[in-house]
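What follows is a pair of complexes built around chain A, which joins chain B in one and chain C in the other.
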Partner chain A sequence: MIVTAIRPRMPGTLPTLTWHETRRYVRSPVLLLALALTAYAIYDLSRGVVADVDELPTYPASFLGGFGMVAACWLTQSMQRSAEALNVAPTPARVRTSALCLMAAVPFACGVLSLLAVVMFRRVDGDWTEGAFTTTDRFAVLLSQVAIPALGGPLLGIAVGRWVRAGWIAPALFLIIVGWVMLANGLADTYRNSLPVLLMRMFAPFTFFTTWTGGGVQTWRGSPVAFLGWQLCLCALAVTVALLRDTDRSRRRRLLGCLFVVGALAVVTWALAVTGGLHHAVITYPGGLPQPI
Partner chain B sequence: MIRLSDVGRKYGRTWALSGVDVDLSTGVVGLLGPNGAGKTTLLRLLATALAPTRGQISVFDLDPQIPEQRTAIRRRLGYLPQEVGFPRGFTAFAFVDYVAVLKEWTHSAARHAEVRRVLDLVGLSSIATKRIRTLSGGQRRRLALAQALLGTPELLVLDEPTTGVDPEQRAALRAVLAEAARTSIVVLATHQTEDVAALCERVLVLDSGQIRYDGPVRELTRHAAGRVWLADQPDPAARASWRTGTGRYRNIAESAPPDVELVEPSLEDAYLLLRAGTGTTPHSQGIRA
Partner chain C sequence: MGSIAIMLRGVYWSAVAGLTVIACAMGAGGIALAHYFVGPPLLATAFALLAAASAFTLDESASTVVDVTPTGPAAQTAARAGALTAPVCGGLGLLVGMALRPTTVPTWAMALALIGNVLLGFAVAGVGRLQTGEPGLWASAATAFPLVLAPLYEPVSRRIHTFPSTRSEAISSNTWWAIAATISLLIIATAARSDRAFR
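Right after this comes the complex of A and B.
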């Protein structure tokens, strides 16, 4: 006689699956390339003087965040080929998605290590090179430019990979984000105090806050701390959107609620990023006080 | 142990399956039918991959519509879909190992032993470390079957398990499925009537989403007795007629002409007659109007 008792879920599926996904992820050629390029950029950093706070962090963000996103998206999509067989396994889609999201801890850890390396190895001429920022703001800039993109990129890749089957979507998204960031920051370089440009610059997963110009460092408008909050909201949105795929009705309702709350928080942090910080761009020189520009 | 009551499934405006009433218990049940008859839909319903549009399905007294109970069914299920794609870069072992994790085999030593066991069952243990992309079509099919066999499931739902598999391996797989059927319910859809004849005690013939026959294989074959004959020429009145390897024609018809050389009908003959709508003497549970 067949026993019909409902067996409880076996403990340890999530850690085991996370381990499996992480192993696959770190073997991905795209991520290996990202790690190698990041390591080289940091090595290069240890040899020279960095002009301003923004200069080097771009590399870990592009490599760990951008390439990490592509690798995570392709990894997520890879299992869609076997979806019909895998979808009837007792491990639900949300556990599989959670394992993928936990896997993003690897590039995040690499991002944190990169951040430590940036802080340790960079040689700056003085406080003025970091713009007119408080210590908290400087820390927020570094976090938002090095560690958080390394987490957010892969999470975005997972969310996209869960919903879109086309393999080209991840590289295309990478190019769109890079294009948007370059456009917004290029415009900011010209229209430093323009509100629309500020809105555009803050409505991105990555942005610059300073730039080197004519022997001084310009500090642009916007709050680095609030921008960090905005980025964290984007990370949470990516996880929620990824979990929404193939979920049952009751969970979908809760996730949609969560999506609404996180979305509202994202709007608030974005608004704070726009309205906070300096109200006018300034420039700092060696030994001088910040001057409005 | 599995009960389908008035089950139907609609895609858009088309009923792929309608009014299906079936009880299934331990043993091998074969599903026969032309393309588009609803075989895959029925298997997907049994495998909890699809929900019925109407009717009730009960698997081991559990309701697949309720998420917790559906998960409980899935813990006792092995499913081989009609087409299984494989992720790039995986070896045969790694793929089955991954599925085993999803089937909650969390202890690595036990899981690896189970993966080796199922790969051995389907004759792939010697190429377990090979990349899937280097495997032949038949080997991939066996690999897909291996993942379904993980954990000796109580319900095995197999959609064309022997397609593309060579005769030797097919015989080996039949042995595996026959062994599994001693303790499990095995439901297999196929176009290979010889597989059904060799393996199944019971056969369901589907046509246009409805069950045309449900009963023992022997009984279906018996319906064709006296209606299959060999002749030097094809019979114009025959439902089907083809030239055999001996140069003579095998004819199938509602009734054989007098003084012909009648031959033992096969399941395929009976199936063709049934498809032609000439089944007679309905079995108590057999041919349905």
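Right after this comes the complex of A and C.
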């Protein structure tokens, strides 16, 4: 006798799971803390004129991206703790992972709202404070510093949570990323035209493109638009890596192919981010033209 | 001695050692770049990671069994404090590395910051241990995140310094860590005397 196991078709499983995971995620104390701190930081720093335009975007990236990553990782790991019950359910693991990835739309929406708040309420001395960038580049800088980390952070947390069981990994990873960004941008402040430092600075999920020097604004090397592409590739890599866990053989081959293509795209966008933009750092003073440093 | 060794076997060593190693790597970067402005923030992040590591020393996955044994919470806490040697040794390595470089940051101020960080992480975990057998995750996050983000968050950093610096317009790190270490010791002493078996 041949017994054929037919997986029942579950209409609306993904939306239902997405809804449940989103509800769990927005109730996470870590995410609630991130939202409160982001709101306060935007309120506090938009009360007066800010000298350093990069200061305000740092907070949504740290809170929504960093804390969001930790919350998403712990939420994903909690799924592993109930694996015995979940594995007998007719819903495959990839649907549960897809639901978690769709849940990242919530912090991304918060990131977009933060971006709108930054654009509307941030007061600066003039356009010169945003460095020697075109309007497109300025928008790309803001998008890469505020909205995209709020999407990429949780997606990275989900990917890590699917593969690693230890809960301490997520906070440690967040602090490693903070350390790396501080290191790369700190070195860039001293070695503005160094290629190795530029390579380091662009090899990060978050970076700065300008810095305030007291009298003027330095604009560093690197293409903001290409860096945005690099960040989106990192997001796609995180989703693919998350889906690779507990998948069947045929899907695994397709996902590995997808991983290869996205990885190649990431390398290309990273190379473009390094080679594009200004060829040497410049400084802009009020009412003056950018001058090479 | 034997019972201490047995109790130390239950420590979540992968978390304690992993966080200590990451802290040492980050701190080594901070020491190498001590003369750049990025050096002190990297060292401050490394110290915060040591605080997170010390928060994992009280984790006891078999707490339902251990908490009803005749060994009291004070003895258990004292034994677990032995696991603090890992983050403390990592921090001492960073202190020695910093002392060998001619910097403006006094070594004793960094030592005070190290003691404060480690005690703070242990105290937060001690309070969490009254409610759960494995408080490390939440305690480390509650300790490390504020310590890392406070210097980066301008509304806080203009009032409190959590790492030794030459700026003097806010509460100095020595004052801050002396207060934090004293309060942490009081919290640890109080939490170690509380009964965990009937939580």
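Just so we're on the same page, the second predicted complex is superposed on the first by the 284 of 293 C-alpha atoms of A that agree within 3 Å, B and C clash if a C-alpha of one lies under 4 Å from a C-alpha of the other, contacts with A are read in each partner's own complex, and residues count from 1 in each chain.
We adopt the following convention: contacts are C-beta pairs under 8 Å (C-beta built on N, C-alpha and C of every residue); 3 or more make two chains touch, one makes a residue touch a chain.
Quantities reported herein were computed from a predicted structural model and do not represent experimental measurements.
In the model built by aligning both structures on chain A, chain B fits alongside chain C without clashing. In the overlay built on the shared chain, the residue A:199 is in contact with neither chain B nor chain C. By the document's definition of touching, of the two partners only chain C reaches A:168; chain B does not.
Once the two complexes are overlaid on the shared chain, A:17 sits against chain B while remaining clear of chain C. Once the two complexes are laid over each other on the shared chain, residue contacts for A:176 go to chain C alone; chain B is not touched.
When the two structures are aligned on the shared chain, A:79 is found in touch with chain B, with no touch to chain C. Of the two partner chains placed around the shared chain by superposition, neither chain B nor chain C is touched by A:112.
Rounded to the nearest 10, the superposed model shows the Cα centres of chain B and chain C diverging by 70 degrees about the centre of chain A. When both complexes are overlaid on chain A, the residue A:102 reaches neither chain B nor chain C.
After superposing both complexes on chain A, the closest C-alpha pair between chain B and chain C lies 10 Å apart. On the chain B side of its complex with chain A, the touching residues are 1, 47-49, 60-62, 67-69, 71-72, 74-75, 77, 79-81, 83-89, 95, 97-99, 101-104, 106, 108, 144, 147-148, 154.
Of all the residues in chain C, the ones that touch chain A in their complex are 14-15, 18-19, 22, 26, 29, 33, 36-39, 41-42, 45-46, 48-49, 52, 56, 136-137, 140-141, 144-145, 148-149, 152-155. Across the complex, chain A meets chain C through its residues 30, 37, 40-41, 44-45, 55, 58-59, 62, 67, 70, 74, 166-168, 171-172, 174-176, 178-179, 182-183, 185-187, 189-190.
Of all residues in chain A, those touching chain B in their complex are 2, 4, 6-7, 9-13, 15-17, 20, 78-82, 84-92, 96, 248, 250.
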